[in-house]
Structure formats: C-alpha cells, structure tokens
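In the two complexes below, subunit A is the common chain; its partner is subunit B in one and subunit C in the other.
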Partner chain A sequence: MAELGRAALIVTLGLTAYALVAGAAAAHIGRRRLARSAQNALVAAFGSTLVAAGVLLAALLRNDFSFVYVAQTTSEALPTAYTISAFWGGQEGSLLLWLLVLTGFGAAAVTLNRGWARDLVVWVVPVFAAVAFFFSFLVVVVASPFATQQAPLDGAGMTPSLQNPYMLAHPPLLYLGYVGLTVPFAFALGALISGRMDERWLVATRRWTLLAWTALGIGQLLGAHWAYEEVGWGGYYAWDPVENAALMPWLAATAFLHSVMIQEKRGMLRVWNVLLVILAFSLSLFGTFLTRSGVVNSIHSFTQSSIGPWFLGFIAVVVAVSLVIVFRRLPQLRSPTKLESPVSREAAFLYNNLLLLALCLAILWGVVYPMVSEAVRGEAVVLGRSYYDFFLRVFGLPLLLLMGIGPLVAWRRASLRSLGTTFRWPTAFALATGVVLLALGAGSSVPGLIAYTFSAFVAATIVLEFARGTRARKALGAASWPRAFSSLISRNRRRYGGYVVHAAIVLLAIGIAGSSAFDSVAEARLTQGQAMSIGDYRLTYQSLEERSAANATELRARFAVTRGERDLGMLEAGKNAYTVEQQVSNEVGIRSDPLTGEDLFVIAEQIDPDGTVYLRVFVKPLVNLIWIAGLVFLLGSVIALWPDAREQRRLVERTRDVGVPATR
Partner chain B sequence: MTLALLLAALLAIACVVTVAWPFLREPEPESDALEKLEPSERRRLDLLEARDRALAALKELEFDHRTGTVSDDDYRALVGPLRREAAATLQALDDGALPVEEVDAREGRPARERIS
Partner chain C sequence: MARKANPARLVLALLVAAALAVFLLYTSIAGGGNPSIAPSKLAGRTGEVQLAGLVVGPVAGDAHAGGLRFRLRDIAGPSKARVPIRYAGSVPDLFKVGRHIVLTGRLRNGVFVAEPGSMITKCPSKYVPKSGDSST
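Up next, the complex of A and B:
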C-alpha cells in the first residue's frame, strides 16, 4: 500500500500547488468560482493527506517492515501505543503529521470564515496553500515516509526515552501549536495583501491563536514532565535548543495575545501585531529547522538530514516576502490613536510586550550563538545555563510583576492617587509575604525571594479582581453569589480566563523558584542495608530486583523511605535494558508529597554487579506546582476560548449592516 | 499494487471533482465576479468597528469603576472623551456612511443576499 500513500501525497502536492496558483489568480482578477475552487482544493488536500496518514498508520500497526520508516522506528516487541506514537517519532512521519494538521487547520479556518469574511479569505487561501505546498514537497521529494525495501525480520525499535506515555501527547500538541500559528499568519498576510486591514482578521484568528498557544504551552509542560521522569538528570528544563525552539514562538504568541487587545480596544499597534504574528510563525518554522537539520546537538533532535537547507530557504522567503508586504502597507497600518499616558493598561501591555520580545530574542541569540561562533571563529561555543538563567531573571521577574500591575490600571490613563488606592492591599500582602519568607530563611536565594514576593502580589491582584467583580455583579442584580461569579466570567471570558492563566503562571513561577532556587542534592554509594539522609528524609537500601517486561529487562533498587518519624513506604529506582534497541535507560524514583508539593527524586546512577548502588538524590520543594499550573493553564485557556454568543451576534450584525454578501 | 493504484485513481478523481465543483455546479453563472466592498461600505465598516470599540470601552470603564479598579476622579476624567467618541461615530454613521440598503438603492443595485 506504499504506492497509495505516495500517490495520495502527490495528489496533495498537486492540490496545494493549484490552491496557491488558482487562489492567487482568483483573488487578483476577482473570479468567484475560481476562488471557491481553490478553497475546495485546500479542503481536498486535507482529504488526500488523511489517506496518506491512514496508510502509514496501518503499516505501523501491521508491523510492515517493508516500509523503511516502520522498520527504522518500531519493532515486533514494541507495545501498540508506542507503535502508534512512532508516527511522529521519526523525521518523515512527523513531517506527514505536520502536513495533516496544516491542511486540516487550513480547510477548517477557511470554511469557518468564508461566510462573513470572504473578501479576506480569498487571499488567505493562497498563503495557506504556499505553506502546505512546501511541506507536501518535503514529504514527496525530500523525506518520504513511503520509501520501501525488502522487509527485514524485525525493526530497529524505538529509542527507549521515547517509550514513555508523555510521548503520546507531547509531540502532537507541539505540532498543533506550531502549525496553529500558520492560521494567524495566513490571515494577517491575507489581510495585508488584500488591503482589508479592518478588525476581521483579528476576530477570525483570535481563537486559533489561543488554541495554538494553549497547545504549545501544554505540550511544553508535558515535555518538561517527560524530561523530569524519563531523562533522569534531576531537572525538567535544560535550555536545550530544541526546548527553546518551542518556547520562542510561545513567547512571541503570548506577546501577540496581549498586544492584540490594544488593537481591539484602542486601534493601536497594528504594525507591531502583524510583525509579532510573522515572528511567531517564523520562529515555529525555525524550531522545526533546528529539530530536523542536525545543526544543534540535542537529545530531542532527529538524525542529521538534508532537510535543513530547504527549511532555511523557506524561512528566508517567508520573512522577506512578509516584510515587503508589511512595508508596502505601512500607510494603511497607521494607527488612528496614540498612547495617552505611560501609566495606563495599554502602556503596561506594551512594557509586557517589550519584555517578552526581549526574552524571546535573548533565547534566540543563545540558540544561534553556537552556529554564529562556528561560522565566525571556526569553533562552536555553546551558551550555558547561566546565560539563560540571567535573562530569565532580568526579563522574567519584571514580567511577573507586570502581570499583577496591568489588570489594575485603567485603559488610557490612571492617576497616581488612584493607583495608590488600587495597589494598597496587593502590595501590603506581597511585602508581608516577603518578610515572612525572609524570616523563614528564603533569603538564601534573592531571585527566589523576589519571585515569591512578586507571585504573592499577582495572586492578590487576581483574587481582588475576582472578588470585586463578583461583588459588582451581585450589586447589578445577580440572584446569588455563585450566579454573580459565573456571570462575571461568562460576560467577559477573555478577561477572566486570562486571569486564570495568570494564576497558572504564578503557580509556575513559585514551582520553578522553589525547585531550582531552594532545592538540595546528596550523593552516596550504598550496599544493601546501608542508609543515607537528605534534609529530614532517610533512605535505606533494602534490595535489588530484576524483572522482565514486554521489551526490556528492569533492574530496580528498592529503598525504605522515612521522614522524621513517619514511614513513607518503599521507593524504586534503577535501569531498563531494552532488548531490541540494545540501550539502557535511567528509571528514576519519585515520591511526591501532595500537601507541600515537594518531591524526593532518586536517581540510581550506577548499579554494580555486586549490588552496590551509586545514588543521587534531590529534594525539590514545590515542584508539583509546575504540573498543577498546567491544569490551571488549561482551565483558563478553555474559559478564554469558549465561544461568546454576544460577540458573535455583534459581528454578524456588523457585517449584515455593511452588507458583506452571504456564502453561496 | 493494483488495488493501491485503483484506490489512488479514485482518490485523484474525487479530488478533481471537488476542485471542479464550483464550475460544474454553476456552468454559466449570472456573474462570476468576486463581491467587493465599495469604499463607502468599507468606511461604514470602519465606523461600525469604531462605534463598537467605543461602546465596549465605555461598558468596561463603567464596570471597572463599579468594582473600584477605576477611581471616581479617573472615571470622571475618562468617561467624557469616551462618550464623545461614541457619539461622534454614531453621528458619522448617521451622516456619512449610509446603510448598505440605502447605498444599493441610490446606486440602482439589486438588493443583496444577506447572512442569516
């Protein structure tokens, strides 16, 4: 069936080429049926890509090793769930998934918006088609998942670290995020080319951007949890270039989600917003280039391939074409209003944008520096953790503070007296928290203490906003307090969903500060019966066990754990020896305290034949708040994403008033 | 192999039909031109956006004042310009940018199909 997969991808290539050329021609000469035909081609491209994806999935599930891709990424012994995850575990399959999501998003975004923004959508189609054409070209010509061979008896298997439940969700979510950023890019460019610079492109893409941003955020958190549990080095984020590759577009998209509010509320920052959209999309392409080109060393990257130059060329074309189009539309992008005061909500959002962008560019410089230094000096110099930590503190801590300041400042301008009243309680709460923490010994890390104090400030502002809002809703006639609370959220989902997301960021900041600035580590060499201590934990090495799993031999050292007088039960740490892949992985032991959010994290670095274990043990305070932050983040995003019937009605009325023709 | 090629051919035919559908459905349409917004309609759309922006800003200001986020003094300083802005856009909509039905009628165009 490889022929069917190949043919389906060739059909996709043809359809995207048609959508690009016919779509551009139709928009240029103003032909309605040709424009609709180009839109249909984009929808059909999703169908044909779906067929190709089905063929690959079937080959994976059948263990059809005549497919080179299947033989390289799976084996007979691989559990079915990981066999499915092999779809995105290798270069060619993940590109196919990218194309599938891209054509799916394109078809959906165009179909959903052509009714009320048809004059805009006609230019969105060729932009989308151009991106889809590039990816279908890659899977047809450069990295086909349908190359065949004489079938070997068994496959090479999957890298052990990828055999983890988090790998079932982490990569697809990142792809949803990366690819989702194509939607605002295509609409922004469509609006620029067509000259339809009204609000519709923002409205059409708002939820897509939020969806992509949420998927990128959750995908990164799942990746961090995977690194924490599976990679076994004691951390969750290593400033690895490929990890940074996902963080950079997320930061750019975060900046856009804030600055777009200024455009919607005040009609300002039009050029800035389209530039942010172009930046976010270009960074998502750049991240893909980093993962696939082999130019950086990362545990996350695919093997070195010839795909890099294609990506680099495409990124160059995207950036150059986009900037030329923006430049040509500059007169139309001029804002009708100006910033009235440096003390206003829009100013706070602007400062937030500058800090987000500064952090994003500092990370970008850190990522490209090894390549630049190699090109200039012939030696690749990697910027280490201290570089990134420095900029995270310099830009991240003020960002955290601004998260609390922004929502409490009025639009347009606020008087200092008013600010004094508004900030009185949050500031008092934050200072009291800081003093108490200092007394408890948190002064051992100044950045950690500042992060806690700022987090307390932001948390207080969020609680205050919800409390005041609910009280106001009750005064306006809500039947009960719960009703007042729910009506507060339902009447302004973006604002209050945003506050819930801010609460998630507070939890994240507390978790990161606690687990990185106030953690402790101990190492020991233990024989059976011996014990070691870290903080008030005590681990006694009880036994060593060997057992067989489906595709690996598991070796586990068992420890009895106590904390003070309390017995915490047994904890296991050890290694897995994978039979087919001939690789060994660390399997860490983690004991979480649900009350304090603290983890006892045990790595069996080495297990000697005589049973002696070399242990590295961490105590990570508050680390579980990071994972809880993921759930809160998701809740806030869902609230913000939820369709707003009132807004929909207003938009329909507006288009009806102007007479934008209905869909035929 | 044969089955795969047969399925591939069917897929290709289905895609060609999908792409050609607008032409098959309307071989000889009355008009094949893309509807465009006239300058007056675009002006009206801009004004409607400005009106909605001003009204939403007023609503938000009222609510923020009620919650205490905006003080009485700031409220008094901000509400006047916002009301004037909303009034100006409403006035402009009444004066200059006529509803589309009226524009169509004045320019002798047939009534348009509308979003339901």
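Up next, the complex of A and C:
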C-alpha cells in the first residue's frame, strides 16, 4: 500500500513538473494544444494526489502501524473521528493535505476560467504548477508520509489536548485559507507574465479569495474558542507567533478584498493590488515556515524539522521572482484614473488599506524581531503582549471608525457638507452611547470606551444603510417590507454581505473590548464550605468528586454559584489525569449568561491532597459576542459568496473589451 | 491633472509619516521587550529577561503559597549550568521535569525570580497546538 502512495506522489511530482515546463513553453511560443495538455496535467496531478491521500486515509483507518506516520499519530484506542484528524495531526500528513487542496483548487480554478479567459489561464497554469511542484517535492523527498517500518504493536497516540472536536475543523479550515490564497496569487502572476493586465484576473479569483479569507477567519475564531474553553488560562488570543501566522495573511487578504473594489470600479491601485496578493501568499507560506521550523518560541510546539530551510528558500524565490515580474510590468500597470480627493470612497478604501497593512506589518515586525535582534545584537529580544496591544489600538480603532465612514462616502469626491448630513444621526447615536457608558462607569478603560463608541457609530451606519436601501426597494414597487429587504440583499449580495461582515466585526470589537478592557479577576484558596466573591457573583465550594472516564481520571471541585439574590446552580472545575499519556489537563468551568453575554470563568489552578482548592476566577463581560460574531461573519460571507449568475455575466461582459477598465 | 494628483500624494506622505511617528512613540515609551537567553548565559545579568530552559528536578514548594522551586538548564549544548528558580502563579498542565519552559523574570541573589504567571511550557517532541499557556 505504501508503495502505491509513494508512486502516486511521484506521479504528481512528474505531472506538476510537466505542467510547469510544458505550460510555460506553450504560453511562451503560443501552442494551444500544448497549453491544453499542461492544464490537463494539472488536473491529473489532483487525481494522483487524491490517490495518495486515499492511501494514507485508509492506512489511518486500518491502524496500519507499518506506516511510520500512522504509528506516530494514532493508536488502537483512538476514536475514529480523531484517527481521521490525524491526517493533519502531523507534518507529513499536513503537507499532503496542503498539496491535495492546492492541486484541487488549481484544477478547479483553471477549468472554470479557461473558457472565457484563455490567454490569461495559459500563464496561470505554470505558476500553479510551480507551487504544486514545491509541495510535491517536499512530500516525495523531504518529508514522505509513506515511510514504512516494522509495525509496532500500538501507535504513540494523539496528545490529549488534540483529542477535541475542534481538531476536526480548526486545522483544515486554516489550510483551506492558506492554500486558497494561492489562487489569486497564481492568477495575478499569470496576468502579469502574460501582459493581460485588465481586470479579468480579479473577476476570476474574487470568490476564491473570499472563500479562502472566510475559511481563514472562521478557522481562527474556532482556534480562539478552542483555546478559551480548553487551555484554561482565561483568554482566547495570546499574540503567539503561531496565532499571528494565521492573522497576518488574513489581514493582507482583508486589505486586498477592499482595494480590489477600487480597481474594479475605477481602475486604480493596480500595482498595490498585485503587491497585496503577493504579500498575502508569501505570508501564508511564512506562517507555515513559522509553525514548522521552530525558529521562534511559541506555546504551540509543532514538530521541529528539516523543512524550515526549504520553506525559507521557497519564500525567497517567490518574493524575488514576483517582484521582478511586477517591476518589469510597472509601465503597463499605471492607472488610467487618479485619486481626485482625499474625501471620497476611494480615499476611504485607501486609508483602510494602509491601516490594515500597517497592523499586519507591525505584527510581522513583532514576530521576526527576536530573529532580527539576534542577528544584529547577538541576543534574541522578545516583544511582549503590550507591543501588540498597543498597535491593535493605534491601528485597529481608526480602522473600526473607518468601517462606518467608508461605505457612506460618495465616489470620486464628497463635499464636507453632504458628509455632515449623512453622518448626523450615527454621530449623535455614537456620542449618546459614549455618554451613557461613561455614566455607567466605562471610563475605567479609555480604549474600551472608544471602541464601544466607534462600534455604536458603525452599527448605526449599517442599520441606516439597510433601512435606506429597503425603503428605496419598497418605493420601487416591492410588495412588502420583508420582500423589499430580501430583494435588496439578493440584488447586491456583495455589498450587503459586506455590511453583514462589518456588523460581525462590530460584534467582535465589542466582545474583545468588553472581555479584555472591562474584565475582572480574583484568586482564593478555599477549603470545603468556604466561599469567595467576584463582582456580584459568589462561589461556595461544596465538594470534591473523583470519577473515572474511559482514558482519564476526572477530579472535579463543585461550586454553588449565586449572583445577588439569584441562585445560578452548580459549576464544576477541575483536572483530568490521562493515564496512558501521563498528562494532566485543566478543565475549566464556564457559566455563560445568555442575556448579557457575560462569562463566569473558573479555573481550579491547584487541588491539594487534603481537598483544598486554589481558584482563579474571571468575569468576562460580553465575551460571547465574539463567538456570535463568528456566526454573523459566516452569514455575511455566505451572502457575498452565493453564486450569482447575473452578476458574474455582467462582470464578464464588462471586461470583454480587454484592457479597458470599467470606469464610471 | 497634475494638481489633482497632489492631495492623494500628500495624504499618503502624511500617513506614512504618522505611522513612523507612532512607531517611534511606541519604542520610546514601552521599550524594546525582553532578551531571551539560556540558563548558562544568565550569570551576572540583573535586568529583566526571558529564560528558556529544561526543567531539572526536584520540584518543591507550592505555586500559590511561597512559590515553586526547581532548577533550569540549557536545552542543548555542553553547559552544566543549573539556575535555581522561584516561581509563583499559574502552572500550565504540561509543566514537569524534563519539559522545555520559558519564564520572564530577573536574577536576585543568585536565584531567578520569575514574574507571577509568566510560565510558558513547550512540549519538546510532539505536535501540540494549544499546549500550555499562562500568559494573561
């Protein structure tokens, strides 16, 4: 079986090499049939990678420990769901999954677009093939998932902290996001090399970028929720290098999704967009490098391996080649239109881009700073949480405000007086909210108060936009208000889906501000019968229980919780001792308030043999809005992603006259 | 046309300048973070540092009363240096003898006194995302 997998991967390597060489040659000398054959090779590479993935999956499911990979990541006792998740539980499997998604996306994107943008796609194929060649080279030569051995009796099993439902969704979503960013990259480079610098590559990749961006966003929120519920330190994001590795490409992709609209509408920012795509793709590679090379101290410890230098080399090649290509095309990338006023929709988008990029680069600087300082001063200096928090405030808060302003400013140029009229009500609402919150004591954190006020402003503008649009639809003859509302959204999915995503970001901002700027913490050592207070909550330590589960001994302290006069029932917190793995894990107790979104978060830090418990308790206001924001984010993305044949036809129509940007 | 291009350029230049100013402001206010060093390099340093090393037993004391006491040595290399540690606060699940940990703190009278709750654990050999974290 392992031979079949190995052979399939070698076939993939050959096919991608062929697609690269033949595709580039065909595009260069203009041979249509050779180009077609290179495209088919890319599709076939997906097929052979699928075979290899099937072999690995079958080996995992059969617990075939003669596969080194299977023996390292699973065991007989591991439940089937986690056995499947072991596919991405280790490095070799992760790389194979990456290659599978990459060839799959490549085959699909090329097949879907070769009909209407053939001259562009001929150069997209070799770019895709080059990236796929690198990954198939890795799984064939450097880190093969099909290494075999004399089968041991049982596998090493999976670390307890990974045996969690989030393991089934969080890593694959991140991979979808990382790999999905290859599609806009390949089309952008294809457009540059072929010299077809019209807007078609944007039309072809819009949904792909959106899909990758959505997967990356949801994947990160799932990871945050996983950390919040399972790790047991009371937080959801620690500015850890590995977490940042996923955040940076997401920020770059967010900037791209916005600036792309400027190029579609006004033909501006062409160089900028190409650079953003290259940046997003390079950052997704850099993220993999960070997690896999072990060059930085991270709370996430992955296998440290030899693939680090390969990745670094590949990133260097990608960046260098891309920049040379961009540089050579600079004259043709010049915009036919210019920014007319610093107060306009275009300018607002530009500010949004600069802020997103500034935040992204500040984070990148923080991540590489230990390496830079080690090279320069001979001593690695690590930037702490305060560094990142500072930049999140400095760049994030203006970004939040801009989210309310941007969508309402007129294209080309807006007069200050019309702005006054547009923003009268949202501003009044935001100021009123700020004053009320100040009176309620939110002044204890100035950044928190600003975040709340800005959030109120953005929320008001979004509601206003929906109300205005619905009223216009009704006036145009919609039968009823709900029908007017639904036709409003279905006629411009991208715009209103975007507003829904903005609403999600507002919820996220409120949740983050609430839980980080206005949280409280208390610690106490309790013996049975004793009680502690935090805010108006009161916890009474009732009893200590020991239970045995399938693979662990569960120790639980039980608390009776009251809030003011109300009895909130019992809450448990404790530890699980995993017998086989010889590992202890903290199991926190969380009591969420469905009305206010507030969490009471209880950690039993230490349980002494005499039954004394050392407790650490947080009250985190509004933290549940973060998870609700994830659902709203998904809803908005689905609205924007939903196939819309009419819109796609219109866009294709508009870009038919090659080289003429769609201005208005 | 040339005049129309001006406001945009100006805005761009201003924004870049503002970004730089913010950066300088930050570096002057908050300083540059902590150097990360190995136990064998600690001797004689009095400033705050991040110490990364391997836990050496025995582990004694109570993390929430008086502090935990153990020693750290270099993760790799020939050095035999052992640095005595005193640590109070949350102890991540993965903490035990032989594990890689990172602490923030400073040397006081030959003992490395860690900041409460600063311990981060690393599992040396296995893929463990979301392992242990105690940063707050």
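Here, the second predicted complex is superposed on the first by the 649 of 664 C-alpha atoms of A that agree within 3 Å, B and C clash if a C-alpha of one lies under 4 Å from a C-alpha of the other, contacts with A are read in each partner's own complex, and residues count from 1 in each chain.
Keep this in mind: a contact is a pair of C-beta atoms (placed from the backbone, for glycine too) under 8 Å apart; a residue touches a chain by one contact, two chains touch by 3 or more.
Quantities reported herein were computed from a predicted structural model and do not represent experimental measurements.
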Once the two structures are overlaid on subunit A, check if subunit B and subunit C clash or fit side by side. fit
For A:Glu229, decide between first (touching subunit B), second (touching subunit C), both and neither. neither
Once the structures are superposed on A, label A:Glu554 by its partner contacts, choosing first (subunit B), second (subunit C), both or neither. neither
Students often get this wrong, so check: with C-alpha centres, what angle lies at subunit A between subunit B and subunit C, to the nearest 10 degrees? 140
Does the superposition put A:Asp154 against subunit B (first), subunit C (second), both, or neither? neither
May I ask you to decide whether A:Ala475 touches subunit B, subunit C, both, or neither, giving the answer as first, second, both or neither? first
Touching A:Ala410, do we find subunit B (first), subunit C (second), both, or neither? first
Kindly classify A:Ser418 by the partners it touches after superposition: subunit B alone (first), subunit C alone (second), both, or neither? first
Shortest distance over all C-alpha pairs of subunit B and subunit C after overlay on A, integer Å, is 15
Which residues would you name on subunit A as touching subunit B in one complex and subunit C in the other? none
Residue numbers on subunit A that touch subunit C, as the complex places them: 73, 89-91, 159, 161-162, 171, 223, 226-227, 230-235, 238, 240, 242, 297-303, 338-342, 347, 350-351, 354, 358, 362, 369-370, 373, 379-387, 390-391, 394, 521, 523, 525, 575, 583-586, 603, 605-606, 614, 616
In the complex, subunit C residues that touch subunit A: 1, 4-5, 7-8, 10-12, 15, 19, 22-23, 26, 30, 32-37, 50, 52, 62-65, 90-94, 100, 102, 104, 120-136
Subunit B partner contacts - residues on subunit A that touch it in the complex: 1-4, 7-8, 11, 15, 18, 26-27, 30-37, 40-41, 43-44, 47-48, 51, 115-116, 118-119, 122, 198-199, 264-267, 407-408, 410-415, 417-418, 421-422, 465, 468-469, 471-472, 475-476, 650, 652, 654-664
In the complex, go through subunit B and note every residue touching subunit A. 1, 4-5, 7-8, 11-12, 14-15, 18-23, 26, 29, 31-37, 41-42, 44-46, 48-50, 52-53, 56-57, 60-61, 63-64, 66-71, 73-74, 77-78, 81, 99-101, 103-104, 112-116
